[in-house]
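Labels run A, B, C and D following the written order; every chain starts at residue 1.
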Amino acid sequence: MNFRSDNTAGAHPAILEALAKANEGHALSYGDDDWTRRLEGAFRDLFGQKVAVFLTATGTAANAISLAAMAPPWGAIFCHREAHVETDEAGAPEFFSGGAKLVLIDGAHAKITPEGLEEALTRNLRGVHSVKAAALTLTQCTERGASYTAEEIARLADVAHRENIGVHVDGARFANAVAYLGATPRSLTIDAGVDVMSFGATKNGALAAEAILVFEPKRVDEIARRRKRGGHLLSKHRFVAAQMLAYLENGLWLHNAARANGLAQRIAQAAGDWVSAPAESNHVFLKAGVDALAKLRAAGAEFYDWGAPGSGEARLVVAWNQSEADVDSFCALVRALRSQG
Amino acid sequence: MNFRSDNTAGAHPAILEALAKANEGHALSYGDDDWTRRLEGAFRDLFGQKVAVFLTATGTAANAISLAAMAPPWGAIFCHREAHVETDEAGAPEFFSGGAKLVLIDGAHAKITPEGLEEALTRNLRGVHSVKAAALTLTQCTERGASYTAEEIARLADVAHRENIGVHVDGARFANAVAYLGATPRSLTIDAGVDVMSFGATKNGALAAEAILVFEPKRVDEIARRRKRGGHLLSKHRFVAAQMLAYLENGLWLHNAARANGLAQRIAQAAGDWVSAPAESNHVFLKAGVDALAKLRAAGAEFYDWGAPGSGEARLVVAWNQSEADVDSFCALVRALRSQG
Amino acid sequence: MNFRSDNTAGAHPAILEALAKANEGHALSYGDDDWTRRLEGAFRDLFGQKVAVFLTATGTAANAISLAAMAPPWGAIFCHREAHVETDEAGAPEFFSGGAKLVLIDGAHAKITPEGLEEALTRNLRGVHSVKAAALTLTQCTERGASYTAEEIARLADVAHRENIGVHVDGARFANAVAYLGATPRSLTIDAGVDVMSFGATKNGALAAEAILVFEPKRVDEIARRRKRGGHLLSKHRFVAAQMLAYLENGLWLHNAARANGLAQRIAQAAGDWVSAPAESNHVFLKAGVDALAKLRAAGAEFYDWGAPGSGEARLVVAWNQSEADVDSFCALVRALRSQG
Amino acid sequence: MNFRSDNTAGAHPAILEALAKANEGHALSYGDDDWTRRLEGAFRDLFGQKVAVFLTATGTAANAISLAAMAPPWGAIFCHREAHVETDEAGAPEFFSGGAKLVLIDGAHAKITPEGLEEALTRNLRGVHSVKAAALTLTQCTERGASYTAEEIARLADVAHRENIGVHVDGARFANAVAYLGATPRSLTIDAGVDVMSFGATKNGALAAEAILVFEPKRVDEIARRRKRGGHLLSKHRFVAAQMLAYLENGLWLHNAARANGLAQRIAQAAGDWVSAPAESNHVFLKAGVDALAKLRAAGAEFYDWGAPGSGEARLVVAWNQSEADVDSFCALVRALRSQG
């Protein structure tokens, strides 16, 4: 019963098969290959318009390169206090941007609200003495398992664009949000005012494949330069393109995400009022208390504590290939503990 | 007859099989897995001592992270004028180091000599007004196909260490040098005074796998930090470790390199006095003249021009999986042209 | 009645005279001159030991160079949420450090407490995934006019050094703290565990002269390099050294600060319970209400609002050369308004 | 007979007087003062159009901020191999730009030619694999005492603008070139295609005052941000503005430069065929031989050797306030030595 992270799961068989097929014959390097061209077509179909695509092997790279292209070194990047770019990427946005400042915003369930954004913008209006508002980045789904709706994103993007700053989405788990909301990728991005996004595949079934999608042409050359200079342009590029192609083909990405979401909701139903954050993705947060968490672990469940030390809260992440048996065993454990409590 | 680059070849079947095997079951992320631990053992065996290993997906990343850990922002990194880090990495060493300066040194066959290094060191001794000597980086094999012998490296490292600067080897094609020289990996690195190296696998049969090997403990923590911050720590780390393991196991790395070297020498023998640089790797440089190159291309050979425009010189690279038929056809073409000339 | 900032005051006549005297004859450039050597002696006398001195023309430069020498690019610099380095230096610490992260700590009167520091340290212990604790910076006096006592600094430095991080003091108004506390410079720095400080003179009577004082030898070479590379090593260095010498000679620095502090306290006494922060420097904060502030301005007083918009709070800064008449007129105004209220 | 550098001279009395006058009364900080406004008018008059002016205290800052605004981190800055920005600024352009690469060009008398520029441009056209051509910087006068004519600059700017790269002039000794050429400042800059320049005053009579002049509006906001973030926006800004105003008023800048140039030519005439570079500024280069240089030093002359060790070449710099007696004594020495030789 390992619910630590979706990073611990392997790759989907279809993606491994795609690698093997891509291995036949020679191909030009650095993206001048058929797989890359077909992938551009696949993203065009998915978003209903031409989209510039830049593949990388990690989500940190996709986020940091995107944000660096949106914020000058003296820029302010607005993000939630719990955002992955702030807490888990070792300062990669600061590195790639040449020292931009992440300005932190609070908000329930790791979501930014228009009011929170307005307040943060107001704090940074001191001309050359303060950093200059440059970009807003949203995590989809959030670090607390919530999904931003198209309307929520549009309202935030309105505030951002009014101040002439760009909007980025860290979509490491974008598939889970799309599956949960039943919305189109386009409605959650282009139509809502998103300028650049990190489109993740690694956590949801790939080996190592993430895409920077650029909806705004003016940033394309800069992102191409930054990717190469950052060491993120793979020489045998067909192998990362082939992964992403297989991920998109036949709806594999949504299939995997919907499955994981469904299992997460099964856990949430079992956990009832222990659930401490919206179950809108493949994450479940349980405020079960320190004792109950200890008992779950003693029974073989693996997961991370969350929040302040001693808070008695846990995060469970359901992987794309999590076994139903695991989930059902865990649900049974939870029900038993709750009925005792 | 595609001799453009070893980047256009695919991956060796043994490496794809290793990926498939590594895909079974869960594994902790970010390098806390069995494949990574076994790989550390494999490198320990190869070098005869414990070596810190940091995997990345590109050689540019391996080089830039290594050099950034060796040179402060105000440092001078000494390299050959034709070095890959200078000409083909879009300024990655400058980016990762925060603006260190690459000081260029001339030398035949893209090799640095002790005299060239001494001269460059002398030019940068103006206290706080100049950059500070920090690192020497050598490409093995060089961009002109030459291999540094252990003695050559040791003499350069002596000069470097006397000035208290570190020695790095860009070993994107280290296997080809080891195979050509018949030397041990240790004799060409640790015993010769190398502090950090980039150990390449991608060009010689992997999909995307390079290793930073650190022979000097004091730089280990910094490299770990820089790799993560640069977005180069892969979450599903077992997949890159599995590639490198398969590459080392059963001597696959040396087998592939020796095969490519041998075919390159076959071309060199056919080309006789057209050969314009040492055939000490999987590269052959031919000064055949503009007309002869045009005829070779007309007959179906693919390769890059080299040197100044109109120089009539070409670079041919033999991939690990180049067909013998390709090589023999090319040799026949060359012989025919030369007998006409 | 201009109480906007101590930056609006000119220079003390003794400092202009020192410039004129320093202008006689030739002198070697870049600090190899008699004034610089005498200044090193003056600081040695002031602190009771040899101190490395690096002059700059701005406080932002002194702070940013110091912090960059204490924190690697992946480091965390702990500071108060209202610290000048965070709010008013346009991201200079991020620029000079190559992207270190300023981790913000709350605390009354812009003071950091040991508990606040402990909590912030705990938040950043996620190995390579988070930034690495590197430096603590304190503003003396704080942005809310408070002075850290030697005991307070020592307690903070104990926490910092236990975690192996350095302690920096932004002493843009260090003179005001020394004058207020009646303490020795040494007791507030070296003896309390401070490693590096920015020692300000500009706000307190110089034209443009700040000193980085380094109490810990290992950082000296790096700071020398960073100063030059940042464009902060003045060629005609004698002129900035002469300013700082005149500032220290005959206790001018403490005389100026004590005078301004005394006038600030005169205002604080007149303002009674309007005073909203400790009057421990040349600053006075008045929570007089929006109407009273408007009336003060209508009567000719100039000052900045403070805190959130509409808070009814103002900051008054007394310059080293503020006229007593100004202060007395302002006090009379305040008394009159309060008796009406 | 000190001919080491123009940095060893003090300030002109008129400039010290201007400081004293600027010290009367309060003035708003950070450039919102009368002196700064008057200076903008003075530069407008000098160049015949509105010019954005950013003052700094050092030439390194002026150069590095200018170049950083012209070149992205992945940009190539073309400069002469002997340029001050390459050899004497400790990598400041790399620091401010976030790691741009200085691409070095050879040329007689430290001058870049159109052919040299074309060749360097051609070397850097490898798409994302090489750095991107971004800026050309010329030193006026050059490090070998030569002055670029308006025509020479225009030809270089034509090449640069054709490739869409900006043109910067490091005018640390711009006054000497204007005085030597008898040209207008405008003809050597705006009319010749210069986009941004560093306009020096420190070496020619100021204490510490340099100006970035921006002839192209699109870079203005960025330079303002970079100056503040680099710690180069002086708080008591009136004092640096007052220096520059006095420097421009009554033609002081040209008077000082013409005087120094004239004395340099007096030396050149005495030195005859020892003169090894064009005497087109306040510099004289003498290839007198090792013995003659030793004799000159033994007789009390101070100067730096130039070129490779043992070359027997020396650089003499005449300061704005060099005594005629010094120059005449030196000329007599030279004549005596030459008549012996």
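We adopt the following convention: a contact is a pair of C-beta atoms (placed from the backbone, for glycine too) under 8 Å apart; a residue touches a chain by one contact, two chains touch by 3 or more.
Everything quoted here is computed from the prediction, not taken from an experiment.
Common neighbours of chain B and chain C under the contact rule above are A, D. Looking at which of A-B and B-D shares more C-beta pairs in contact, the answer is the pair A-B. We define each chain's centre as the mean of its Cα atoms; on that basis chain A and chain D are separated by 51 Å.
One inter-chain figure worth recording: chain A and chain B are separated by 34 Å, centre to centre, where each centre is the mean of the chain's CA atoms. Put simply, the C-alpha centre of chain B and that of chain D have 42 angstrom between them.
The set of chain A residues that touch two or more partner chains comprises 30, 73-74, 89-91, 95, 98, 128-129, 225, 228-229, 233.
Against chain C, the residues of chain A that register as touching in their complex are 73-74, 87-91, 94-95, 97-102, 104, 122, 126, 128-131, 309. Those residues of chain C whose C-beta lies close enough to touch chain D in the complex are 2, 4-5, 7-11, 16, 19-20, 22-30, 56-62, 64-65, 89-92, 95-96, 202-203, 207-208, 225, 228-236, 239-240, 319.
Taken in their complex, chain B has these residues touching chain C: 30, 72-74, 98, 128-129, 132, 222, 224-229, 233.
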